[in-house]
Amino acid sequence: MYNIWDVMLTNFSSAPVLFFFLGVLAVISKSDLSIPSDVGRGVVIFLMASIGIRAGAEIAQMPGGVLAVLPFALTALLFGITIAAASYFLLVKLLHIDSANAGALAGSFGAVSSATLMVSISLLDSLGITYEKFVPALYPFMDSPAIIMAIFLGKWGIDRQNLARAASDPLAKDMKGNGRKKLGAIIVESLTNSGVYVLLGSLVIGLIVGPERLEREMKFFYWMFRGVLCIFLLEMGILAASRLRELKFVSPLIVPLAILISLAGGTLAVFVGTSLGLSPGGAVVFAALAAGASYVSVPAAMRVSLPEANPSLYLGTALGITFPFNMSIGLPVYLQLAQYLAR
Amino acid sequence: MYNIWDVMLTNFSSAPVLFFFLGVLAVISKSDLSIPSDVGRGVVIFLMASIGIRAGAEIAQMPGGVLAVLPFALTALLFGITIAAASYFLLVKLLHIDSANAGALAGSFGAVSSATLMVSISLLDSLGITYEKFVPALYPFMDSPAIIMAIFLGKWGIDRQNLARAASDPLAKDMKGNGRKKLGAIIVESLTNSGVYVLLGSLVIGLIVGPERLEREMKFFYWMFRGVLCIFLLEMGILAASRLRELKFVSPLIVPLAILISLAGGTLAVFVGTSLGLSPGGAVVFAALAAGASYVSVPAAMRVSLPEANPSLYLGTALGITFPFNMSIGLPVYLQLAQYLAR
Amino acid sequence: MYNIWDVMLTNFSSAPVLFFFLGVLAVISKSDLSIPSDVGRGVVIFLMASIGIRAGAEIAQMPGGVLAVLPFALTALLFGITIAAASYFLLVKLLHIDSANAGALAGSFGAVSSATLMVSISLLDSLGITYEKFVPALYPFMDSPAIIMAIFLGKWGIDRQNLARAASDPLAKDMKGNGRKKLGAIIVESLTNSGVYVLLGSLVIGLIVGPERLEREMKFFYWMFRGVLCIFLLEMGILAASRLRELKFVSPLIVPLAILISLAGGTLAVFVGTSLGLSPGGAVVFAALAAGASYVSVPAAMRVSLPEANPSLYLGTALGITFPFNMSIGLPVYLQLAQYLAR
Amino acid sequence: MIKVKRVEIIANCLDIRTVIKEMEQVGIDGYSVIRGVSGRGKHGKSREESHIDSMTSCYIMAACPVEQAEALIVAVTPLLKRFGGLCLVSDALEVDFE
Amino acid sequence: MIKVKRVEIIANCLDIRTVIKEMEQVGIDGYSVIRGVSGRGKHGKSREESHIDSMTSCYIMAACPVEQAEALIVAVTPLLKRFGGLCLVSDALEVDFE
Amino acid sequence: MIKVKRVEIIANCLDIRTVIKEMEQVGIDGYSVIRGVSGRGKHGKSREESHIDSMTSCYIMAACPVEQAEALIVAVTPLLKRFGGLCLVSDALEVDFE
């Protein structure tokens, strides 16, 4: 078992995490460094395909196959919904944030951050800890339900809060009118969103092809993962630093609350994951899904469904607070806990 | 020897081919997935360099050197011309397509599809079947002659069909005026087209450097080939699906005819390739050159030389019909045949 | 020890150098080949990270650590200043070039060319000659001082040359006014310039992570280096050829002078490097730093500080003359010399 | 040459689909899109490069008759109000090549 | 400030060379090109991203005197007729910095 | 709809920071930038693609009141004089969505 300080040190002195801070410093020092957008988008497709294909190849080998994963998928779904709902009420009650922004933030907290997921995998790899490769593939099962739950709560809050104002707003009205119809559209959209789509598609490909015949592609996708992740986190650092600046206009209480929600979600995930039979490594990846705050699928959904929410708020929180926290402190804590429980 | 069903199964359950269908599904399911254009263009340069450098390294090792390849180059040239000419007359006589469109389609059928070529290599790799690495480098020897033959026939048809109209059209007139001068320009253009240029250039580099000293680069170019091919076919799937839609305005008879021409070309190529001494693997790669329909060099040439042809028609056919057919059915058939002949 | 002809032959028949000439030929033959800009920028980030991380990992292992590198850093600084100053006076006295252009050219000669650096590494790798991995990291220590020295001389020349004209020019006046303040800005800018920033950042990352724990990333960064370098040099060939054309309006004497300065700097660097204890390989890399002419940090600095200088002149010289010379002749000569001295 | 209005919209890339839907509803069937626009507006600076769609802007241009332009302006105003951006209208002549 | 015509052409990327040749023939020696334009027109939607040149559009802009603009329009009309695209002409003032 | 001037500048990518600084000094707080412009001008052809910033051009556009536009033109003229490029000014109406 690893000591938490060892884990933190390993984490902080791993190349991907250091590249994140290199990105942060680039913004602070006004370097003209930027990751070309086409490269950044290519990198995301690569990373999602990489975790998808590995998940598929593993599920293909599991005794129960896809069926064995189902209970975990259900658990992920419950986690998404629960974290979104709990966050919503905490944000409204404790911070008195309006319904739209609370809904958008809650959706972000409940949904999944691909960067947190990838850092968790990289941390386990650094420490030589194995994990169930199918856990990253639970991504969409936690992501979409969280977003839908958050939108539902946000709209319900808006309706209650201010029936009159909502009625006079053509966009809001329009949305209320066909709210039910849009639910399906949100699910479809969150599953066809390019990142999730590639993840799910590669998973199916991994399932069909199977581990033996994937050897060649696996080498490419597996072997380059760490290096490509460095480039990805370099960009994440740039984005986090430039987004954090925009949070200055917001109640500073968002910082402790975001950390608290993340920590609670991650901790709970370790407990539940372990009790469902996940290895310590698997429990940490599951905790990464629960603890991370989404910055990709959430803005897309919220612009359509809770357009009153301020993107700077939820993007700034997800990228500038939750992600750096989990990357540097959260993940080592979850790992420590998972190892403690596994003894 | 492999059973055809085994080959088909291997093919259909290989990662690159499945990524193609993932791309098709992305369009159907309206996913926002797209391969950034700079990444797509980088991928093509990589893949062409990869097959070029391997071809060069192999020719460097062959007893006869470049001379030993000459008879194959000549055969490729004859194939290009013959397929283009035969297609032209079939299209005009059977489908009553006008001369310009028949010429453009014939050029596409006669010329080479880099994606088909790469899938053939990947299929052989999957099955562990070796092939003569110089065969992919026959690309330009089949490509340019086919295009020139098709343009010649298309113009000849236009002249015959409608002398009066052609004369009153300033562009067509202009083209007729310096038809001879443009022939050289077409050859130059089809050899300096970025894909072919990189293929030929890398071949020469492979020849000069030789296999021993290329070890490092070969690792990069060879080892990443399969993974990069997955990304390439993902985009090809997206393009094929979005292009197929545009074919709805065209005679549906184009579908069986395109398949027939492709199948005939591929089958003939297997026979001729085998009789020239190619291994079953080499004969399949040669068949891939003959069977594939071009979508890169052809549009460039046709816009200038047969501007009356409708790009939707030949692009839709090459990407939406011929390529999927060869990828899924054609190549396994050619392999089966090649193995049968080799017994 | 290698014979100089052997070295030249190895160099000329190495894939990266041949890809450079493939790029040159693409421009000459009017091929539409181009490296997508996002790919090109990604490639530079990759290459700089690659040499930075390796340098850091090596310094982490060195007995003296960072301190052991200090004397080399100081030497690099002196080289930058000296080459810039000497070049300035040669350009003014021999070629009667005006102060602004002489300053810009001198800055380019004194500063570092990343492409030359990378070709030197690749040449040593081809020959199996080891080198001190920290030498490439001396880059910024030579780069910034050279640029600052050159700007200082250029401005001093302009002031002397034409006090009246400078006074009437609002931009020049403005610059004179806060010349001192800008010195700091120039240093900061040359260190936060994306390439240098990634190099220094990766170096620190390599230092922190250390060689054992970098194994995974090193595989990515090290193993892909040669292949990615081929793509980089393909673009450098395109740029060199298209820039060389613009030099036709300039005194042809710039050609021998640029070669002379480069050769003198490189030769001196071999002597000094060897006497400081560098291996022949290390001395060659040090010579590559000294001999190369900058085309990245220099234009950025000169546009602000010596805006009267003509970019075509210094870009054309650095890319079209100095780089091809060093790549093909200079580096083999420095290697020969270094091996001779080491006997 | 046909007198047309040249409507230019700069909007978040996430909103392109919405803008295009509005265009098609008012009958505009010709438009062009350029991605990867950076800049500064009331919501601060936007980065020129990011793999996250919601952080980049797009430029959308349509040449259309004046009535369609007016209808489009009405249709996109609520969107601009919420998410910011820019909408410019100017005069141009379209070459009539048919 | 000089009165100029601002000619904007959206055309298939494969045709850029032809358009530029026409420009140079009518004496236009200043122009700018932006690649990677997507959109919709009479030939349907064009994808914003593709590695195949013939499937993407480009934006070409030239600020030039009115006579050159007129000559250019005449020169590119047959091209537009065949392959589609867009050509807009508008008025602008060019800053005369010389 | 507000009457505005549409100032368009094509300049070397290295000079964007300077142009933006000038804009901010004359009070312009809204602008958009598109990178990767190629073309031809008095300094010859510029390649559309290069990893070296100093070899590519950028397009910068600002919609602003006439006084700011005039001040901007004065401010960028010395820059254009030195490094070349293009600055166009035209009339447009900005949709006032507030």
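Per-chain residue numbering starts at 1, and chain names A, B, C, D, E and F are given in the order in which the chains are listed.
Throughout what follows, a contact is a pair of C-beta atoms (placed from the backbone, for glycine too) under 8 Å apart; a residue touches a chain by one contact, two chains touch by 3 or more.
All values reported here derive from a predicted model rather than from experimental measurement.
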| item | value |
| --- | --- |
| Fewest hops from chain E to chain F - one hop per pair of touching chains | 1 |
| Centroid spacing, where centroids are CA-atom means, of chain C and chain D in whole angstrom | 44 |
| Cα-centroid distance, chain A relative to chain F, in whole angstrom | 39 |
| Centroid spacing, where centroids are CA-atom means, of chain B and chain E in whole angstrom | 32 |
| Sites on chain A at which at least two other chains make contact | 32, 34-39, 41, 224 |
| Per-residue multi-chain contacts in chain E, two or more chains | 34, 36, 48, 53, 90-91 |
| Chains touching one another, given as label pairs in label order | A-B, A-C, A-D, B-C, B-E, C-F, D-E, D-F, E-F |
| Chain F-touching residues of chain D, taken from the complex the two chains share | 8, 10, 34, 36-42, 48, 57, 59, 73, 76-77, 80-81, 86-91 |
| Interface residues, chain B side, partner chain E - complex | 34-37, 40-41, 43-44, 170-171, 235, 238-239, 242, 246, 295-296, 299-300, 303-304, 307-308, 311-312, 315 |
| For the chain F and chain D complex, residues of the former touching the latter | 1, 4, 6, 20, 29-36, 63, 90-95, 97-98 |
| Chain A-touching residues of chain C, taken from the complex the two chains share | 36-39, 41-42, 45-46, 49, 53, 188, 192-194, 197-198, 201-202, 204-205, 208-210, 213-214, 216-217, 219-221, 224 |
| Chain F to chain C touching residues, read off their complex | 12, 14-15, 18, 36, 43-44, 47-56, 78, 82-83 |
